[in-house]
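Got some structures for you, see below.
Each of the next two complexes has chain A plus one other chain: chain B in the first, chain C in the second.
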Partner chain A sequence: MNKKTRQLQCRQKGRSLTKVLIVLVVLIVCFALFGPFFVPLVGDPHKTEAFPFDGGGPLNMGYDYLGRPVAAQLLIGGRELLIAAFLTAVLSQVTGMTCGLIMAVLRKRTKILRFLLDMMLIIPMSLSTLVIYNHAGSSLYATIPIATFFTLPFTSRYYAGNAEPLLRTGFYEQAMVAGDSVPLALIREIIPVLFRPILTDLGMSMISAVYLMSTVSFLGIANNNNSFLWPTMVMQNLSGLALNPYATLMPIFAIVWLTIPLNILIDQFSNRRRK
Partner chain B sequence: MVNNNIIEISELLIQNEKQVIINNLSLTVERGEKIALVGPSGCGKTTLSLALLGFVTPGLNLVQGGVKVFGQQILAANQKINHRQKRLLRQRIGRLDQDPALSLTPTKPIGMLLHELAVGKREEQEQSLRRAFEWLQLPLDKTFLKRYPNELSGGQRRRVALAMILLRKPELILLDEPTAGLDDRTRDMTLVLLNELVDRLQATLIVITHCPEAARQLSNKILRLEKGSIMSRDKMERRQEDEPVVSVNKTGAITKSMPRNYDNCNYILHVNELSAGAPNLRRPVVEQLSFDLCPGERMAITGMSGAGKSTVARTLAGLWPRLGGDVFLEKEKMAPSLHQWPQSMRGTIGFVPQDPATSFNPVITLGTSMGRVLKRRSHTGVAGKNLKKQTCDELKRLIQIMDLPADWEGRLPNHFSGGQLQRLAIIRSLIGGAKCLILDEITSGLDEATRDCLLELLATLDTPVPMLIITHDPVVVAQLCNKSIDLNEYVVS
Partner chain C sequence: MLNKLRKNRFVKSILRTILLCLLGTFILFLLVQTLPGDAATRFVGKVEPEALELIRERMGLNQPPLLRYWYWLKNLLGGSFGTTMTTDLPVSDVIRLPFRATLIVSGFVLVGVVFVTLPLAIYEGAQMHPRRHILSKLSLMPAAMPEFVVAILLLAVLAQGAGWLPVLSIPKPGASLWDSPQIFVLPVLSLWLIVSANLFRRVAALVRTYASSAYVRDARLAGMSEWRVIFVHLLPSAAYGIGQLLALTVPYLLGGAVVVETVFSFPGMGYLLVQSINSRETTVVMAIGLIQILYTAVGLWLADIAGAKNERISQVV
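This part shows the complex of A and B:
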């Protein structure tokens, strides 16, 4: 088999894998977003219908620590986590990109900003998130600005690093010479070139947000009404792992399904760009 | 039996989907030989030089054949070469790219780059460095070593890149267009240095060039490539008159600038005692520069590498702040920096940089780029709409004159050749309302045929917009310019 045939086969395998990953990501997103509409078909997620950790039940997934159907909870448990993670990712990108571009343009004049962002890096993210979350009245969506704030040092440096070389390019200079203001030139010339890095970091931010929010819920800091259900299910049903493993393992599987295919897809995307 | 062949290429065939780049090429180079590869753009010179390093450019396929260097396989079709073997072979090869700045890591100071390559203990390294710097006439003080590559002139970068090769002591040297972008005097000095480098290292040399002078002076055999095949092999015998007349010391007669007599001219651009320098250097490079440009005039700014030609171009375009003097455009005084110019003045001085590939956004089609220029012009007040129509008509006319493909609007910049992009860059500046155009080394990096085509098109371009042409090429000055100024007179020593 010559090199060309091997390369073609590798490319075809890569494309097939990408398609599979896209399908997986779309499936889990649809499951999380539209699952609540199918809840009436499997039962009431808030009603005790059987003994704790009993088997059987809707889709044979059994019941949780309060005798509520696991399948129904699984269907409603992902939407808020997905939306919150997505909003966090978008907000994180917008603020990070804005900071990063300011740092790239103004450079030495942003010493104080860079210093403050560097100071944030030494604060342990998960611990601080838990403390602030607790003091913020344990609001579910308080995790969005908290997570955005703590990822700012990373995203701003990422975009500053990506944008700085582009500010020395001919096309950016041409825009300035032609009369575009700095913000306009950044939006029209620099951001389109950063499209793939933005997409890559958006995906990574979303995964980080899912993990951060799951940590907050999993550690049980939140009460039942103010937490994301999938990670809370893991924490609450851990004691009944031997009796009904589905109550613990299914939400873990759902969180993994939400993050890992997306992670690999982002890698595929980045690798294809490098080639 | 010792194999005296440094390079053995056997029936090398490299192609892409559309065409053959290297066409069943076979070549043997013995130790100590100096070979020049000449040929038009696209004939496969750079592809061949990369093949000697074991690389096949992405997008191309190695279909058959192979390359051996120092008796070991570095590239072969249908065979995977061990990475360690390739790395060890590459350590014995020194390569100088067309743009030496590419071999210098932009985020490291010069001193650090050089120390990374010097071998031996600290004292030996210092000695090797001192010898290299003395030979290359570079200052060996701490201030210079702390500079970053972008703080050096083009000529200094080139010499630092040569120093890096010298420190590595390669057995095979590959030079890719070593004299591109250089004025005659600097070219001759560079050729002297390169000859000395090869002789010192007793290395084998492969030089890719479309400069006949470089081919003649550096090589003892010329291979002419065309469409991936060797068309002819000529032996060179160095003659007495081929020896370069300029010595390594940078002294030489200063050409006087043309006398200025613009008393009766309604000048477009008036420059009075301009001082210009790079933003991160404290002292200006050029001082007391004065000249005027009248409508339709084309003035060349010439000078040695490092004289400050590009610095003057960028300063006049407003990209770098002016350190002193005044600039008037149509009798209106220009502020020192672009950011201080009022909106009405932006775009009035068009700037076409040396590298056309980076002057267009790589992810935006040319149609969109030009569309933005038209939109900017339409936002000019009452006459906006009429102006937009006029500008569209002018755009169509210029596209036709500049001989560009009919489907140019939907293409991305990487679908155009260097020459085409230069022409598009000129058109963009003209339709953008430029009252004066600055062209910075627009023919460097182009082969002779493409350069001549571009010059012919520019010469026939009927526009009253005066042009300031930064160049070291006497052909450009002769064909395009009706006056010139030598920047060597104004360089700060």
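This part shows the complex of A and C:
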């Protein structure tokens, strides 16, 4: 088998893997977003129906630490996590890109901005997000601004690094000479060129946001027995792992199904872009 | 002239780091003040308002937040973290054991990283074996999962399933940490997997960059053995970049891996932090927060120095 044939086979394998990954991601996203509509078919997640960590129940997944059906909780546990993570990713891209472009254009005049961004870097993110999560009564949506705020140092540096070389290009200089204002020239000339880095970083931000939201909801349950987020289910049912492993392992399986294919897909996409 | 410039930049970077830490502690203090309730309400629960006011006065919680921050800073400059609000114990005594526990775990993880992860990453990056990409693909799995997922899966398999290790990593009452060394295994293994997964691909990518440079290629063409090429030509150039990546890992380990410690109930800094936030022990939260801020600031400063050196080398390469 010669080198070209081997390369072609590798490329075909890569494409098949990408298709499988896309299908997996779409399936879990649909499960998370539309799962709540199927809850009435499975049971009432708020109602205690059995002993804590009992077996059996809807879809044979048993019951949680308060005797409530695990299957029903699993159906509603992904939506808030996914939407909050997506909103965080979008917001962090918009704010990061704005800061990054300002840093790229103004350069040395942004010393104070860079200092403030470095200050955000050293404040422990898990601590500050946990504080806000506790303060907001265990609502993930309330952590969106703080999560966006703390990813700003990374996203702004990423966009500043990508935009700086583009500001020295001929097409940007031509736009400036033609009389376009700096914001207009950035929107028309620079941002379209950054389309692929934006997509790549949006994917990475999405994954980081899922991690952060999962970690915060795992740690900061704040005595909220009506929170059915997947990570919260993991923490609340961990003590009953030996009695009903489904109560802990099914939400873990859902989180893994969301993060691993998405991560591999983003990795493949950014590798392809690098080539 | 160049040395004078470098010295000035060095001094400026130190002053900048100190200022960052100071402002960081202030913001942290403000954040903790936003928590609903305080140590008094958490300690006594529901009591008469007059009794609650007396307790808050005793704990110093009736003073303005800025004044409380000033007293905390004054204590710190005098070499003390203050005392806990509920038990009046010195904070340094409260955090001593968790700090030691976290140091021990971090030490083991760093040993694992230096003697297992880095050699494998260098082996992969130096393109020494035809099946090299297997390691990279394997490292993607733990990197793709949140930390608590990795920790709980290990718990389910090694502790619950196989029964080889204790489910909870708690030392016996009154005993020292070393009396039950098996309590370290799961936290160390989880942290090592998490850190390695993130570090592996970056180090391999860095080494790959240097491995494809002209002087390494020339060394190979000159007939030198692969080990000589790596140790004499490749590693010295890549060392600063690898050092930079390691420096960025240390704050995460020493700052208390909050999630992993919570999963195993390991009595480290991270676990103490979560307990202190729940009980609103501001002085303990500030002490742990300060330690995390210091480690992060110093880690970033070292990473910047290593990065600057790495940049000068890579410009030559």
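Going forward, the second predicted complex is superposed on the first by the 259 of 275 C-alpha atoms of A that agree within 3 Å, B and C clash if a C-alpha of one lies under 4 Å from a C-alpha of the other, contacts with A are read in each partner's own complex, and residues count from 1 in each chain.
As a convention for this text, a contact is a pair of C-beta atoms (placed from the backbone, for glycine too) under 8 Å apart; a residue touches a chain by one contact, two chains touch by 3 or more.
Predicted model, so just to flag it, every value in this text is computed and none were measured.
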For this session: Could you say whether A:Pro124 touches chain B, chain C, both of them, or neither, answering first, second, both or neither?
Result: second
For this session: Between chain B and chain C, pick out the one touching the greater number of residues of chain A.
Result: C
Exercise. Which partner does A:Thr259 contact after superposing on A: first (chain B), second (chain C), both, neither?
Worked result: second
For this session: Could you tell me if A:Met176 is touching chain B, chain C, both of them or neither one (first, second, both, neither)?
Result: first
Exercise. Counting only touches as set out at the top, which of chain B and chain C does A:Ser214 meet: first, second, both, neither?
Worked result: second
For this session: Return first, second, both or neither, reflecting whether A:Val193 touches chain B, chain C, both chains, or no partner chain.
Result: first
Problem set entry | On chain A, the residue positions that both chain B and chain C contact, one per complex | none
Exercise. Quick one: in the complex, what on chain C touches chain A?
Worked result: 16, 20-21, 23-24, 27-28, 31-32, 34-36, 140-141, 143-149, 152-153, 155-156, 160, 255, 258-259, 262-263, 273-274, 277-278, 285, 288-289, 292-293, 296-297, 300
Seminar exercise, completed: chain A residues touching chain C in their complex are 115, 118-119, 121-124, 126-128, 130-132, 134-135, 207, 210-211, 214-215, 218-219, 231, 234-235, 238, 241-242, 245, 248-249, 252, 255-256, 259-260, 262-264, 267
For this session: Show which residues of chain B lie in contact with chain A when the two form their complex.
Result: 58, 61-63, 77-78, 317-319, 338, 343, 346-347, 349-351, 353, 355-356, 358-364, 372-373, 376, 428, 432
Seminar exercise, completed: Seen from chain A, its contact residues with chain B in the complex are 2-4, 7, 169-171, 173-174, 176-180, 188-189, 192-193, 195, 275
